[in-house]
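Read the structure below first, then the notes.
Chain nomenclature is as follows: A, B, C and D, assigned in order of appearance, with residue numbering initiated at 1 for each chain independently.
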Amino acid sequence: MENKHKSARERFIHYFSDESNRRKLAPYISILFGLLAGLILMLLIGQDPIKGYINILNGSIFKGLFEGNFRRLGGTLAIATVLTFTGLSVAFAFKTGLFNIGVGGQMLFGGFIVVLLGNVLTLPKPVHLLVIVLAAAIGGALWALVPGILKARYRISEVVTTIMMNYVAMWTVSYFVRRWIPGHYETESSMIKESASLKFELLTDLFSGSAINLSIILAGLVVVFIWYILEKTTFGYELKAVGFNPDASKYAGMKVNRNILYSMIISGAIAGLAGASYYAGYTNHVKLGVVPNFGFDGIAVALLGLNSPFGVVLSALLFGVLRTGGEYLNAMTSIPKELVDIIVGLIIYFAAATLLIQFMLTKLIKKMKKNDEKHIEEKVVE
Amino acid sequence: MLDFLNQIFPLAIAASIPIMITAIGGLFSERSGVVNIGLEGLMLVGAFTSSITIHYFDQAGNNNEYVVWIAILLAGIVSGLFAILHAYASVSLKANQVISGTAINMLATALTIFFARFLTRSQNISLLNRADRYQKIPILSDIPLIGNWLFTDIYITSFFVLLLCGIAWFIIFKTTHGLRLRSCGEYPQAADSAGINVVKLRYQAVIISGILSGFGGAIYIVTIAGEFNGSVNGFGFLALGALIFGKWKPLNIVFATFFFGFMSTFASLSFVNEVISSFRIPYQFYNALPYVMTLFALVIFSRNASAPMALGEPYDAGKR
Amino acid sequence: MDYVIEMLNITKDFPGIRANDNVTLQVKKGEIHALLGENGAGKSTLMSILFGLYQPDSGVIKIKGQEVKITDPNVANEYKIGMVHQHFKLVHNFSVTENIILGLEPKKTFGRVDITYAAKKVQDLSNKYSLKVNPYDLIHDISVGMQQRVEILKMLYRDAEILIFDEPTAVLTPQEIDELMEIMRNFVNEGKSIIIITHKLKEIKKVADRCTVLRKGKYIDTVDVKNTSEEELARLMVGRDVIFKVDKAPFKPGKMVLEINNLKRTDKVNLSKSLDVEHLELREGEILGLAGIEGNGQTEFIQVLTGLKELESGEILFLGQDISNLSIREKSALGIAHIPEDRHKHGLILDFTLEDNIALQEYYKSPFSNNGILDRGYMKQYAKDIIKRFDVRSGKGELTLTRSMSGGNQQKAIVGREVARNPKLLIAVQPTRGLDVGAIEFIHSELIKARDEGRAVLLVSLELDELLNLSDQIAVMYEGKIVGSLSSEDADENKIGLLMSGGNNVGK
Amino acid sequence: GPKLDYDKGTFTGPYCDDLDVFADAKKAAIGMVTDSGTIDDKSFNQGTWEGIQCYNAKHTSAVKYLQPSGETKEDYINAIDNLVDAGYKMIVAPGFKFENAIFEAQTTHEDIKFIIIDGAPHSGNYVPDIKSNTVSVMFAEEQVGFLAGVAAALQTETGKVAFVGGMEIPAVQKFGWGYVAGVAYANDTYDLNVVVTDYLYQGTFTEVTAGQTIAAGMYDEGIDIIFAAAGGVGVGVINEAKTRTEAGEEVWVIGVDSDQYDAGKYGTAGKSVILTSAMKRVDLAAYNYSGALATNSFVGGKQVTYDIKNDGVGLPANNPNLAADTLTKVDTVVAAMKADTIVAPNTKEKLTTYLTSKGYVTPGTITY
């Protein structure tokens, strides 16, 4: 009720007097700082930063949009979809106290299963899709099971084991692809069948033939689902409790090891879905000898998204925009591609420095409050 | 069999040295309580710095032995400076150390390529000057077995690194400085109340981790790669793995990295070894072998490894 | 004026709270000066300022009349100020010696620590004040009491003249407390000055010369202890009268709730932690106190009872049913509640909100959740009820992060959570450790209430006063065995103390 | 402010000077998309770019390359779209990985010219479908591999040589097959007994350490010449060779794609461990088609093969490390190839046939 009569300034002070609100703001400020740093860099190398940022936006969203060509937006969304999955995978593990560096490997293995089943099964499209999506989740989960067991049973840090599993995934997939589903060239698998492709004509047409595919809907569902699990279910409650304090969780009768395992499996399953999104929606076959970079990008996405499911979506979108827009920028100007990478790196760095940012806000609020007090005092004196 | 081992050992040592010194660098940082997943980036900065340094010497036609050492030294300095970024975020700003480390990796990749392009117009810098490798070392090489394994085909830089590892062990476990360092990683509140400047020590430790990672990156360049190409092939992450695998103890880390080097050398040589290659085992198997073996070794040796207690926790001096 | 320490008009703000508000503290040379106040009154803050951990926002510190700036603990050291913190500042995997010399290590060549020399010095100091520590023991292998002595040695090693003790007795057994008092007197006799923070008025009466009282960050008064009664001190501290004696209804035991027969468990590492409990029983409407010096198997006993550790043989009958093989969760579901010893480590998820913590034992059950889906609305309302009923104070009610709450309020939340479950058996381990009298009073009354409602309460405590005040029956544990059992009428401090130290068996 | 001339390079490649200037060529806007590697891969990304740069140096134009954010068709198409939007009129795409992307792009951008190297556009069925705005440029890697094999066989002191491939992509395979055939030819013709002791694919183009180790293993076995068509793995091979050479051993590497002599240099005397290089003149192709675009003489809809006849492949003009005798013999082979009297095998099957014809009993321990 009272709020109605408050000025914007008062509401600002009121809102940011609360520490948790200040914390929520931090990522936006770090993005701002990162972009600012990018601006300075562009100036330094003698380029027009305004044009630079307009190009980034054009290249990732707007170019053609008003003529009804949604291709660029579609492409950005497609990238953001994969990043949402990998970011969510990392974030989920973080929420439950685990640091999953192995998302790339899990994604690759999930994707391999997708491509395998997309090749060998003959099913009506809806069924085929259902099968491969489930299989992707299972594949990713299987790959995360090893670090999960090692962590739960032997307390071996998942940081090492997931790194190792990335490499193992690369070679395992390489072996089985060449055995079972070799492609025309030795370095890739054969293409999946149409019925297993997540590309959906209506969607593809709507976005003028871009890579956007059904997995964007899946991503939306999974994000909500994970949010729901974490916030609304006893299962999520347990996972978080174990993540924060395994000892107390044990005292409260929770099965700590089992929860670590579940957590790793779910994180892996989400990574597997990233595999489905990428390999059945984007590439339609597997390339050998590489672990997808999306895993490492996922770490950054998760961290910038404060490990919250919806935060991950936002930061995945930002990353999508910067990545696709960055290339356009590179094409349109002589601003090098590395500049965008530097900006992204800086954003993450500033995100780490949230405390500084919060500290500055705190000071600002204090100052504003003090000013207000003085103001009031003066009035009283009058 | 013995021949095969004789062949593997020197190569395995060479392959493990860059990882080893980087892991030892990570050890300093983590023993002081600061997680450092930015090792890969710090190595990369070292790799770049050494390459660009040598590049200029090459261009000047300078082929002296000290060129390599100057490059290594500069790599250490620049990586050490770069590590201040991580120290500032994780010590002064009390940031999430994982985020900061991730940022270090991203920034290192982008910046080194940026500067390589800017300075040499190519992100690929090939070098003429490289580290010397000694086929034989007087007397030492003649020791049976050990002579073949440790003192044959050895890079001078390997001695340097092994010496540094020894010094690291000495500092961490024998000196007052080490005692203080460890106390910061275990329980910084205790260190603080004993009048130890936790912030300063952690800064030092992170910077040392930068310096040693820089050495690692440089040594990777001057022994293994011979050119810079915008990556250190995941060696920094392997170093992080070795650090954990080695339970945060210098000697164990040396063995952990050597184990890994041994396995990957074994794998690579298996391609070539007449007997082994006659089994016609798919090459993917050999390529995966080092990683799989490391997983097994972890199960056997590293159960319940306990990290420094305060690892990853920003220290809040007065909880201000 | 022969004050060694003067802290004049000290003010210190923390975000959102003024921890010290114009506080003045003057300590004379050679006196034991007590600092008294409720939880959160600002005692630790004031001492942290004196020790250089915090900087005051305003105010002056004088040492022997000289104004000084104590910018960090090193400076405090130079002025020969030493402090034993409330939470020990010891590195758990370092040796006693390493902990003591940390920061002031004797050196050999190449910067090596001269550990042999240091250990000898530690040994000498220990002998001099008969502290009986072994310089080479690792901290995590020694008892809390010993750890405290290491802290004391740390000060002595630094030649401290002004010794600050922040709640030193909260973690000690009665014997250890007596020994500590003795040690303190030795120090004073040597001319050292002592500031001691404690909530226990009896102790103040026993050792202190003068006492400064703080309330809600403000200075209240400094009194001569000799001329001030305990009631008077309590009133100064709380600002109202405090009732010390707890009112209990007469003992009316009901059905047998817990019966333990021939419980055995061997601890290979530390034999005194092995268990061999022949018989123990507890009925409805009864408080059974379990006394014993720390480290005599009480912790293990409770862990076996609650399912955290397995037993080797024997039976645990709960309402006639053998529960020895049930899981923690199953036992809890049967109606066993547990207030654990270490509230931070075992009692709470500090990064959860109060709402989530209050549901920690029952979140999986209706009405907290249905079919695995949390009923947030119910949880919130339930948390609000508990907060109100148990007077849990915090910044943002049920949405407060537990980490940001004071120790006393954290404990109230745990007690509230466990008591409100209406358990048939309530196991309370050191439920009032480190709390102020107000909070203690409250928790005691809750335990009594539970008993009077017909619940069985197993109270484990190191504090004899607490046991004697609350229990209907007191069992004493020594080296894993129940060495005696006394009814409250028979029990007194002497008898129990004797049993605790392994003296002859009485009662039974 | 001051402009940082960041990626407009002076890298016009070693052969730029030799290339003819196009008469009445106009300014052209030429874009390039790299595949998995970087622009500075000392291999065919770099070669292609050098060709384009060379054109730019002689006929001041607008040139630009993009390194796509990923390696999928979509990523490639995005990069192509970006270049088209930025006004580039011809897109050069080196690598078979572009086949699908170029297939789509040649239809969506009819007014843009496309050059795909090492592959041909197809709809996913691997049947080339080259539109009139596209040219597919193939190289006869087997021919220059063959020459390398002959040179290796003639130069080896130990009678043992080896081949190290990165990943099994078509171009690398053809280099390898030709190499083995070349050794067989030399054995047969000059009555030698040289063995390709090791023939393997490491499996990546990135594992420098593995490259070094493998090379060490090979040299230890007595192999003295390694033909490395392996990207970063090859870097490791070269590095091991340098180290050994500096320590007094005599071992060699045969470079690939471009003249790798410089990459093999050690010390300051200008010596190199690169015996010779199996060159594939992507720069020439890129240069020529840039010119074609600018002189309006572009004729698309076809596949063009760069081979020994049109100097599209070959050993470098300068070969300081090859003996005069070897050079003469290699020249004979070149002539014979031009006259079609020697046909280097470009498939596995043809290699087997070829070996059999040279009196080899079916390949023993080595699988090609």
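Worth a mention:
We take it that contacts are C-beta pairs under 8 Å (C-beta built on N, C-alpha and C of every residue); 3 or more make two chains touch, one makes a residue touch a chain.
Remember, it's a predicted structure, so these values are computed and weren't measured experimentally.
Chain centres here are Cα averages; for chain C and chain D they lie 76 Å apart.
Centre-to-centre separation between chain A and chain D, using Cα means, comes to 38 Å.
Between the Cα centres of chain B and chain C there is a gap of 46 Å. Listed for chain B are residues 117, 284, 287, each touching two or more other chains. In chain C, no residue reaches two or more other chains under the touch definition. Each of residues 171, 174, 336 in chain A touches at least two other chains. The touch graph of the protein chains shown belongs to none of the named shapes. Contacts between chains, counted with the stated touch criterion, involve the pairs A-B, A-C, A-D, B-C, B-D. The residues of chain C lying in touch with chain A in their complex are 15, 306-308, 327-329, 332, 338, 340, 345-352, 356, 359-361, 363-364, 368-369, 372-374, 376. Contacts from chain D toward chain B in the complex involve residues 4, 6-7, 9-11, 38-42, 46, 198, 200-204, 206-210, 212-214, 216-218, 220-221, 232, 235-236, 238-239, 242-243, 246-248, 262-263, 265-268, 365.
Only residues 37, 85, 89-90, 93-100, 102-107, 109-111, 113-114, 117, 237-238, 240-241, 244-245, 282, 284-285, 287-288, 290-292, 294-295, 298-299, 302-305, 307 of chain B touch chain A when the two sit together in their complex. For chain C in complex with chain B, the touching residues are 48, 51, 53-55, 72-74, 77, 83, 85, 87, 89-94, 98-99, 102-105, 107, 110-113, 154. Of all residues in chain A, only 99, 101, 146, 150, 154-157, 159-161, 163-165, 167-168, 170-172, 174-175, 296, 299-300, 303, 336, 338-339, 341-342, 344-346, 348-349, 351-356 touch chain B in the complex they form.
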